[in-house]
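Order as written gives the chain letters A, B, C and D; numbering starts at 1 within each chain.
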Amino acid sequence: MTNLLRHRLFWPIAVLVVLLASNLVFSNNFFSITLQDGHLYGSLIDILRRSAPLVLVALGMTLVIATGGIDLSVGSVMAISGALACLLIGDLSNPDAVGPVLLVVGAAIALCLVFGLWNGFLVAVLGIQPIIATLILMVAGRGVAQLITGGQILNVRSEPYRVIGAGYFLAVPVSFLIAAAAVALTVALTRRTALGLLLESVGGSPTASRLAGIRARRITIMVYVFAAAFAGVAGLIYSSDVSSADSNAAGNLIELNAILAVVLGGTALTGGRFSIAGSVLGAVIITTLDITAVSVGVPVETTLLFKAVVVIILCLAQSATFRAKVFGRFGPKRAEVPA
Amino acid sequence: GASDEAGSGGNSGGGGDDKITLGFSQVGAESGWRTANTKSVQESAASAGIDLKFSDAQGKQENQIKAIRNFITQRVDVIAFSPVVESGWGTVLKEAKDANIPVILTDRAIDDPDTTLYKTFIGSDFVEEGKKAGQWLVKEYEGKSDPVNIVELQGSPGAAPANDRKSGFAEVIKADPKFKVVASQTGQFTRTDGKAVMETFLKSQPDIDVLYAHNDDMGLGAIEAIEAAGKKPGTDIKIITVDAVKDGMTALSENKINFIVECSPLLGPQLMDLVKKAKGGETIPQRVITKETTFTPEQAKEALPSRQY
Amino acid sequence: MIDVSTPPTPQRNRSILGSRRVYRPNTRHVPVLATLALLIIMYSIGVYNYEGFGDTQVLLNVFVDNAFLLVVAVGMTFVILTGGIDLSVGAVIALTTTVAATLLTAGWPAGVVLPLVLLIGTVMGLGMGAVIHFFKVEPFIATLAGMFLARGLSLLINRNSIPITNDFWTQMAQKRFRFGEGIFISLNVVIALIVVLIAALVLAWTRFGRNVYAIGGNADSALLMGLPVGRTRIAVYTLSGFCASLGGVLYSFYTSSGYSLHGQGLELDAIAAVVIGGVLLTGGSGYVLGTVLGVLVLGLIQTIITFQGDLNSWWTRIVVGILLFVFIVLQRLVTRKAK
Amino acid sequence: MAEQLKMTGIKKAFPGVVALDGVDFRLLPGEIHALMGENGAGKSTLIKVLTGVYDIDGGEIELAGTPVRLAGPLQAQQAGISTVYQEVNLCPNLSVAENIFIGREPRRFGRIQWSEMRRRAQRSLARLDLDIDVSAQLDSYSLAIQQMVAIARAVDLSAKILILDEPTSSLDASEVRQLFTIMRRLRDDGVAILFVSHFLDQVYEIADRMTVLRNGRLIGEYRTEELPQRQLIGKMIGKELEALGEIEEQAREATVPERGTPILEARQLGRTGAIAPFDLTIQAGEVVGLAGLLGSGRTELARLLFGADRPDHGQLLIDGKAEAVKSPREAMAKGIAFSSENRRTEGIVGELTVRENIILALQAERGWMRPIPRRKQDELVDKYIKALQIRPADPERLVRNLSGGNQQKVLLARWLITEPRLLIIDEPTRGIDVGAKAEIQRLVAQLADGGMAVLFVSAELEEVLRLSHKIEVLRDRRLVEELENGDDVDADRIMQTIASGATP
């Protein structure tokens, strides 16, 4: 029992369960899943589907944070990728053909890779503090996205494009599948190769890592590229969901939510150890929280307060010191000082 | 001390010619509506031969105040702006008044009791828009006595159009108890949020008859959600929105939306007229309401080809 | 302005044992000096390019328009110097203005409202500091929760903007110190400068100030050296809370209104100002004077954009990004060279 | 005489380890008391428990007869206990003067008097025979100087109890002598001093009594003159140790390697401000020792060879070919390894496990795409945990939570598994207990016999003498002489070279 309680992800999971349970009490048939027009339909499916962009962004953010950095530009990158995709699809002669749409998607992600390189260059080569380095793109990027769309909301009518965010494959939402694939990819990349270890080492102690022969610079650039690529995919899902590109709303404030997800998942912002499962869970919690607020019928004025309270509860529950002080568990422990 | 009138013309940023310089501070570019509004102002300034100093506040009042203050130091001839919020303009507008620069409000009003701070306010009446939406609904359900379950997609919390469209609507429907707003949440004026919130409504509310969205975008997002739920927008659920942007009008003409209250962004030409009058010292009315109408699907089909935004 | 934030440069005493000495230039001032130099260059470019840019009042307006940001950034400087971060400041501003406006509208006397709202921010800061210290919650998350809470509360109080018509407030708002025809500063500027002065003195000349640096240098060591780490850390967040609410008061002077959406994104501006001013986000290094320069940089960028006068929304963003980029990269290069 | 400090039945457990198990300890006024034990015996933990860094799980602490429970270092300081913790625990971003005085700066009207503070700092460092610019930032100085600063701070607190946890680990003989002078003076003034060191000679020189710990348990308390060194070692490690004598011979007997093409040759290599241009050759199978005083530039020299700093003068030849080694990474590719003296900031990655720390360099060399298979990792790690007696022998423990000496062993293991051709080790025996030190020395000798070249840097001259074939003497950041190690070379001869400053 204590082992379970001590597990890193115990508290986030507990909060998620409580949130879901509150839906059981306060809203109707939240847990019913039916087959609608050949695809799964229900609130739980909504949660899976709508978590996808945040999960993607949080994945990239996890890697960036593991190296001790932070990426504020993800929201803008999302906007750019959606804008470019919609612009290009609008120019296609046959927007319903799969091939050209795939090409467009590839182009959008390629552009995001360039932006990722840019961030990585500023941080790793010029040595600018990550928060400021990525702030530049955060500010300018949204301008670029608006430039692409001309400040308008770009509509597209393209069935293949729509599938990314709003479609289903074997009755399962495609966006969920994309996110799941990204998670699998990230896990494989970090845990099947030595990348995870090297990342954690760079985040834990850059100087020691350099002296151990790790190419910190290359790895740092790589994580920013990853973050941007995932943000790009998230942007595509976001825009394809409503078949339009809104450069203003796309990815607005998602950087905060992503960082929140990462931290709720147990990764420290100081870098080092990271948990992908934790970040995914964090992202799902945040999405569930938003959905719950609506389905339970929290008034608009109090939605934010509701969120604040849940975040506070979760943070405190996760703090071992808090539990120790309040429940007297694990014995008091004052200072964490290295031996 | 007030700077003298003579200085203002000669020193205008334009470079000494007799062109009128207009400082215009826009809220931002948060929606297609806003962009159309900006475009309208820019284009009509150009065609009216007015030198436009444009500044974008990115949704922040402080930026707007800074911009206005900078306009004053640059000694433009007229200042126009769409206030981000209603309150808090007294100080900076007084500075403008002291510098003898006439001020025109566009699109949104301010709540300062001192109406001498600005020459005029040109823009829509959001409460009236809400009322129009409500009146259509009342008429649509006239003679029926079954309860009508309404869900509402609000704009960004606290924004004037959101507040007014909500209250105008509520005022009209409260006359009849059969109208019931069963759920009301913010969709932040965006499509994605409109869709997301509607998806949840569809699951948490067993019975929805009417959707009232504070703008077209949220309504368009909601349509996607309704379709995904296997319902037919416009038929199974009646939809009322505000704005009448092109995409909304298209949906209306396809009967996916039932009724749109227009809120026109094309203030440009009217504004330029007022600017010229203000510069010339002519008297102008304190309130100029933009010409706006409402659309049913039939009217939409007619109007659509000539729609500019 | 004098650089009071820097301890006076010591006279190196000539050594008897010449061989055992090591001379190093004080590299800690380099970032601040570089920022100052670049700022002057930027200003000169503005004067050269735009008619009327050279007016004294244009420069003073930068202060007038950014006084509240300056105050908030000073609080943020303390927090960042300890290696923390405070995301709640923008929301605290909103809460402060909303509460003040609500109470003033309800007819409360200004003499009660003013200390009360200052107290609210201070208490919020205290609360966040306590949570961070006692429960070991990451500052980012604790203050993010604080941000949700403060904004949620103000939204709950009133979602509309509330005009402030109180006489005292109006007087303060319109108080001007004039130095000649059309040349003036507002009361806000005076208050902000006083805050800067006090902060600089505190950091350079008091134990509390030095403890702040020590904690930022290495919190574990500071603890083992017997410094009151907990007390200092809580005090720092309290101070930031106070500065945020004072900033809120200045904001309400500035806008004569209370609104739950005031100060959105201001936390990022404040952080950016602090970091641009040469303070390290990891803590332990930087000066208040740098923060002042950082605020001026942001203000000047905005002024340049207004004087340009033909940028639409997206070009505004892109140009802000570019200016920020050029500035930061130059600053980085200059600093690196000097080291 | 009444005890100044009495600890009885102290218990402290960390998750998975019992660090202290019913330890009694007492400290009398006016004595220097050595706390002895192997790496991981619990010495530092006992000190941290005493000063309130950790809460105790059981036991009593009495200060001058009154029971106390100190809540933290601040309270400990206020109760008259001043401490130098094992790793240098100062603030790198503050000036030397501030580090000495922070928390108790001289003030007038609440305002810190900077000049007064600097003056006093200068004075208190002068007592340790150190004359440095006290307004310079702490991290611009070498670790040894930082250690001196930490000592100056503790001594300056004028406390009733002074605790020194391995204060001499980076210091050379003259600094140690200076420290001992001060310790004696304080003792004569009635201060109770707790001293931890792995240098037995030092302990026997200064300590009046000693307490021995083993595996978190109390073994006993002895008067120094009543316990001969051999017995002490026996008590510390729990069995008799003969190894110590053996290595000495072993190293001496090792044959001087053939002179072929050197593995590494430096020709007028130098870096302005760090080290003057020098010539140096290292052959395969040769142990080259660097000797010099604190701050003489040994570390700088070593870093240049590894590419940790870039030279701005001269050239480096590897296997007779000129190579530009611009980064550690490139040096590693050429078969060079370097273990830094500053293990806390430049060595271990605290949040990673022992296993991960050990394989780090090897993994970095292979690149991220070719992970070392887990089974291979476990094999390697197990081997070195055994070989170096890393304790606790749990590869999944966080390195941060290991005792100082064991962290050092982990670092050594990291480099050994990369099987370098040239191993540069800067103070590898810092903070390592007698047994392990002997073990490491034997290892170095063995590696050299196996054909590895070793550049050995240590502040302990005896060690350098014992192991090296060739000794390079540095002085004032200049390589002044190269000595073939032979019967005619001993500590005195080297000290003479340093003192006379012979130029090549």
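List of remarks:
We adopt the following convention: a residue touches a chain if its C-beta (ideal position, glycine included) is under 8 Å from a C-beta of that chain, and two chains touch if they have at least 3 such contacts.
These figures come from a predicted structure and were not determined experimentally.
Between the interfaces B-C and C-D, more contacting C-beta pairs are found at B-C. Once the centre of each chain is set as its mean CA position, chain B and chain D turn out to be 71 Å apart. Chain B and chain C have CA centres that are 34 Å apart. Averaging Cα coordinates per chain places chain A and chain D 44 Å apart.
The multi-chain contact residues of chain D, meaning those touching 2 or more other chains, are 53, 72.
Annotation for chain B: residues 28-29, 35, 38, 157 touch two or more other chains. Chain C has residues 155, 159, 220, 223-224, 312-314, 316-317 in contact with two or more other chains.
Taken together, the chains touch in the following pairs: A-B, A-C, A-D, B-C, C-D. Against chain D, the residues of chain A that register as touching in their complex are 192-195, 197-198, 200-201, 204-205, 207-215, 219, 272-273, 331-335, 337-339. Contacts from chain B toward chain A in the complex involve residues 28-32, 34-36, 38, 154, 157, 183-186, 188-193, 195-197, 199-201, 203-204, 206, 217, 220-221, 224, 228-230, 247.
For chain D in complex with chain C, the residues that touch the partner chain are 53, 72-74, 76-78, 83, 85, 89-94, 98-99, 102-103, 105, 107, 110-112, 114-115, 118, 122, 130-137, 140-141, 153, 295, 476.
Residues of chain A that touch chain B in their complex: 27-30, 36-37, 41-43, 46, 50, 146, 150-153, 155, 166, 238, 241-244, 246, 248-250, 290-291, 293-297, 299-301, 303.
Considering their complex, residues 51-52, 55, 57-58, 61, 64-65, 68, 101, 155, 159-165, 170, 173-174, 181-182, 251, 253-265, 302-303, 305-307, 309-314, 316-317 of chain C touch chain B.
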